[in-house]
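A, B, C and D are the chain letters, set down in written order, and residue numbers restart from 1 in every chain.
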Amino acid sequence: MNLAVQIGGLALPNPVTVASGTFGYGVEYAQLLDLNQLGAVVVKGIRRDPVRGNPTPRLVEVTSGLINAIGLQGPGVDGFIRSYWPFLQQLKVPTIINIWGTSVEEYAEVARRLDALSGVGALELNVSCPNIKEGGAQFGTDPALLRQVVAACRAATRLPLITKLSPNVVSIVPYAQAAEAAGSDALSIMNSYPAMAIDVETRRPVLANVTGGLSGPCIKPIALKLVWEAAQAVRIPIIGMGGIQNTADALEFIMAGATAVAVGTANFYAPQTALQIIAGLRQFMRQENLADVRQLIGCARAGKGRAPEATVRHP
Amino acid sequence: MNLAVQIGGLALPNPVTVASGTFGYGVEYAQLLDLNQLGAVVVKGIRRDPVRGNPTPRLVEVTSGLINAIGLQGPGVDGFIRSYWPFLQQLKVPTIINIWGTSVEEYAEVARRLDALSGVGALELNVSCPNIKEGGAQFGTDPALLRQVVAACRAATRLPLITKLSPNVVSIVPYAQAAEAAGSDALSIMNSYPAMAIDVETRRPVLANVTGGLSGPCIKPIALKLVWEAAQAVRIPIIGMGGIQNTADALEFIMAGATAVAVGTANFYAPQTALQIIAGLRQFMRQENLADVRQLIGCARAGKGRAPEATVRHP
Amino acid sequence: MTRGGAARAPKQCAGQARTAPPPVCAPMVEQTAQIIANERDTGPYFRLRVRAPLIAPRVQPGQFVHVRILPLKHALLRRPFSVFQVAGDTLSLLYKTIGQGTEALARMRPGEELSLLGPLGHGFTVPRPDGEIPLLVAGGYGMAALYLLAQRSPRKGLVFVGGRQRADILCEAEFRALGWEVRVTTEDGSHGEKGVVTEPLRAELQRRAPGRKLFACGPTPMLRAVGRLAAEHGLPAELSLDQHMGCGIGVCLACVVPIKTAGGWEYQRTCTEGPVFDFRQIAWEAAE
Amino acid sequence: MTRGGAARAPKQCAGQARTAPPPVCAPMVEQTAQIIANERDTGPYFRLRVRAPLIAPRVQPGQFVHVRILPLKHALLRRPFSVFQVAGDTLSLLYKTIGQGTEALARMRPGEELSLLGPLGHGFTVPRPDGEIPLLVAGGYGMAALYLLAQRSPRKGLVFVGGRQRADILCEAEFRALGWEVRVTTEDGSHGEKGVVTEPLRAELQRRAPGRKLFACGPTPMLRAVGRLAAEHGLPAELSLDQHMGCGIGVCLACVVPIKTAGGWEYQRTCTEGPVFDFRQIAWEAAE
């Protein structure tokens, strides 16, 4: 039974990864689960310099989701390399490093510096953080800027590049195509969705940053639709994410056209989720008599899946 | 204690209305609740001719929400006037008629025909239905087209015009401003969000229409942020909606800047929601010693609310 | 489009002629209903009895209630269930656990509360004492919708019950106790005849068809087969359709089925114009 | 930014010196824990006892568990609670019902299951037999975090307990049973002295301060007042901070508090570097 997939030159032992910012630098979860069972470890977004992040409250729970405005707190490239890389480097599964900047040049610089590290799996370009004013979202909602960022990183590294798209657009298609055209090897869809909450007792926005990014099961139907549309518009593979918390969720994304998936918010409340999904995929494939998980990619498109009659129970 | 608010020339006895498409033509709910207690009755979207709508399945339940692709089934203007208007006309509270078309001319024609009816409260222009290819969403995601539609309707009627905006945009601000500039008296924010679900047993999209609109508590944090932003960009009043199911939800929207709110999906599972919210608002105002509900509109903006210290318990 | 004629105040209309149903039917109420009993019947089937004094006395056979299962916090919609039995101010449901709603329901205990919306929909036409002999055809939980009809029918008849296996054959004894003849089929032959429920029905109709009327509730393929048999023998048949529902009261337009009209067909609502339709009205082709 | 130095394999570090905490601390586990008892204490306070053999024996005073309340389907996050008592392979929590999570928890029954992540965080430094005399200061459920410290401390001391009213004064008898002296204050004077908890503390320190160390858990204004008293008297003080948490294990960076550094301040995680901090480390000004 084959679970391995390729994300633009990067081989993943299985299609289940984790979402940047929900898995720290991997080391924090090492006591709770065997990281080497994952498809890949994806670390919290880093930029060139250390980042203090936003004031608190940074996170608020909402119905079937949460809104965060962490503000990309992080140690910067040097801090990351010093504090976390020695641990990550010894893992058997690939590490994908999520990066961002406040200018095209900064993105390229971070890419260049990480290119020099040995053993990096891929770089994920976060052009869609809803919590950063300069940088972040602006690159993800302007196709021309997006193209520049991707092209500059492409020139700076030979590592596989994954562009993480913003959901906050009229149509994901031009962004997916811009990233592909500029040399991105894969796409991550989606980042959290701009949102807010108000505390009716204090009559103030709950988050110190006022707005933040909505994540968790509440956004899954939105994410799935974006993956579905992007998968039909580009040839590069997609890592699907947004509210995934069980095997059926992961299958929905794969059937919509994702080559791999990432577990995000669920790590916070159910740290075993990614491993449970890997086991669930195996069980599903056994039941369905599938030799290769890749047979499922995009199978929900007309003419690709099975006839509605041939239903079976899934795990 | 005053609960009355003005929506661009239309006086509502209280700020709690219902969302188009979730309340039929009012008559269906008449057995379950006293319609005359509402702020207004808002009816299902109608266009010039009868509309058959999409094939089934048209609706699927998802985590804390649902996705619908009804396809604006309806009796057309004549059918509406014949079958439903005599009942609606005798209500003591205003009726807001939600309209749509597949061309600028059709919007204007529907507006003109309804202008001839006596007793209509307002027209709500649905330029944001995610389930209609021509018409619907396209007018809501192109500011120039939006402006044309609103201007054409403005020329066709003296009834108050409420433009119902699409959430599926990079920023709501230019759309809110375009509607205002073209003569809209108010805004409704937001329509359902484009989304989808896949049935992993059949390996097919659940909805016959493939994609649909996500509604319910899962979208509330997105809707709230759009209301917050639009309220700071325009002077016309806003009817806030998206996942409202209790008094606290309604207060969040009002504090974010909405003058009125609409209860949508909650009508399906809890038909008393709107009336409970009206009672809840009264109780909140009593506890907080507020004489006028309008004191709360937009109070979560800096400098408008109270200091965080002065907290009290709300209902 | 929904059929017109209804700007007047809503009024009682269950059992009313099908020709011009108003958009609003039997006066429904929303009511909190306390669970009296909730016990396993066979296999995945449970029987639930609740106190619902505003609803129970007014239920017509084939009508349903739309149930809000309150512990199901992240699944919002109510679930529709036929009213199985009525006794004083209580009513019973017979339900199969198939998903998160029914499973959460099965975990609820006496004393806990549900919210019920009902009675909803157009039910079956109760046979007249001098009318056709009723033949009821049920698959699985379809039995639930037919029991009240049998009980209220002044004319006794036959019940055809089918299921995959023995555990799917419900309330056989109850129908016999009403004095009805019961014919059981199971697909695996573990109880009654081996086969599908429409086989003994076909045999019965071949023996003697005139003066019979069919009433059916069960999976769509079964309903279509019953419709075909009715057509072959020129008999009337009322079918109770199963559609996913949003509101249950006619506003969301999720539950529609294609119904023939003079000019072709239109969508009508299972929750309001249905769930019971004359088989000749259903435009099966349009549903494909 | 989070403090570095931690690419090595995670290791036990509760009670370790505060100077260079690695990003990962006491080996935590996730474990399903069955409820043994869940009963009301006074007013809105409940005591919960669960079997958690992988966690209970390893808990240090001031550490917490992150609890997933499974019936709370649409509220996703775990809730943090200090470990109140430990006995063999069971542990107890003392919690106040304030919102949907704690209210759902209060409705749970023995036999039902929770998911626990723990032990988490850096707790209090257990006093040495020859060390300072511990003065514990608690507001409301802050008592829960301090009981284990009193129990494990070879040196007995004083406990200052405050609350709004009588019902907020928890486990007074338990502290006395350990041989500690307890000073009670309530804001309404319904039990003990009338006033706030820092008043008798201030009086005590005026009487005799040297050789004392403060340990406090409660609302932020109380913690700041305790910090000021410690500063005035030049005493050490460990404060347990209360921050809303996401993950509880150091990855989401939701729970940060400003901590002084050589150059100024940086955000550190309440769940990992805390919840207990030396009062001198906290950059209160930056939090405003």
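Just so we're on the same page, contacts are C-beta pairs under 8 Å (C-beta built on N, C-alpha and C of every residue); 3 or more make two chains touch, one makes a residue touch a chain.
Keep in mind that what you see is a predicted model, and the values were worked out from it rather than measured.
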* Could you tell me the least number of steps, going only between chains that touch, from chain A to chain D? => 1
* Based on CA centres, what chain would you say lies at the far end from chain A? -> C
* Structure fact -> Between the Cα centroids of chain A and chain B the separation in whole angstrom comes to 33
* Structure fact -> CA centroids of chain C and chain D: separation to the nearest Å works out as 57
* Indicate the whole-number Å distance between the mean C-alpha point of chain B and the mean C-alpha point of chain C. => 35
* Structure fact -> CA centroids of chain B and chain D: separation to the nearest Å works out as 47
* To do: Provide the list of chain D residues touching at least two other chains, using ranges where the numbers run on.
  => 74
* To do: Pull out every residue in chain B that's touching 2 or more other chains.
  => 63-65, 217
* Of chain C, residues touching chain D in the complex -> 71-74
* Structure fact -> Per the touch rule, the chain B residues reaching chain A in their complex are 62-65, 67, 141, 168-170, 193-198, 200-205, 210-211, 214, 217-222, 224-225, 228, 243, 248, 251-252, 255-256, 296, 299-300, 305-306, 308, 311-314
* **chain D residues touching chain A - in the complex, by the definition given at the top** => 1-2, 4-10, 23-24, 27-30, 68, 74-78, 115, 117, 243-244, 246-257, 266-267, 287
* Residues of chain B that touch chain C when the two form their complex -> 21-25, 27-32, 44, 50-53, 55-61, 63-66, 68, 70, 73-76, 79, 82-88, 216-217, 265, 267-272
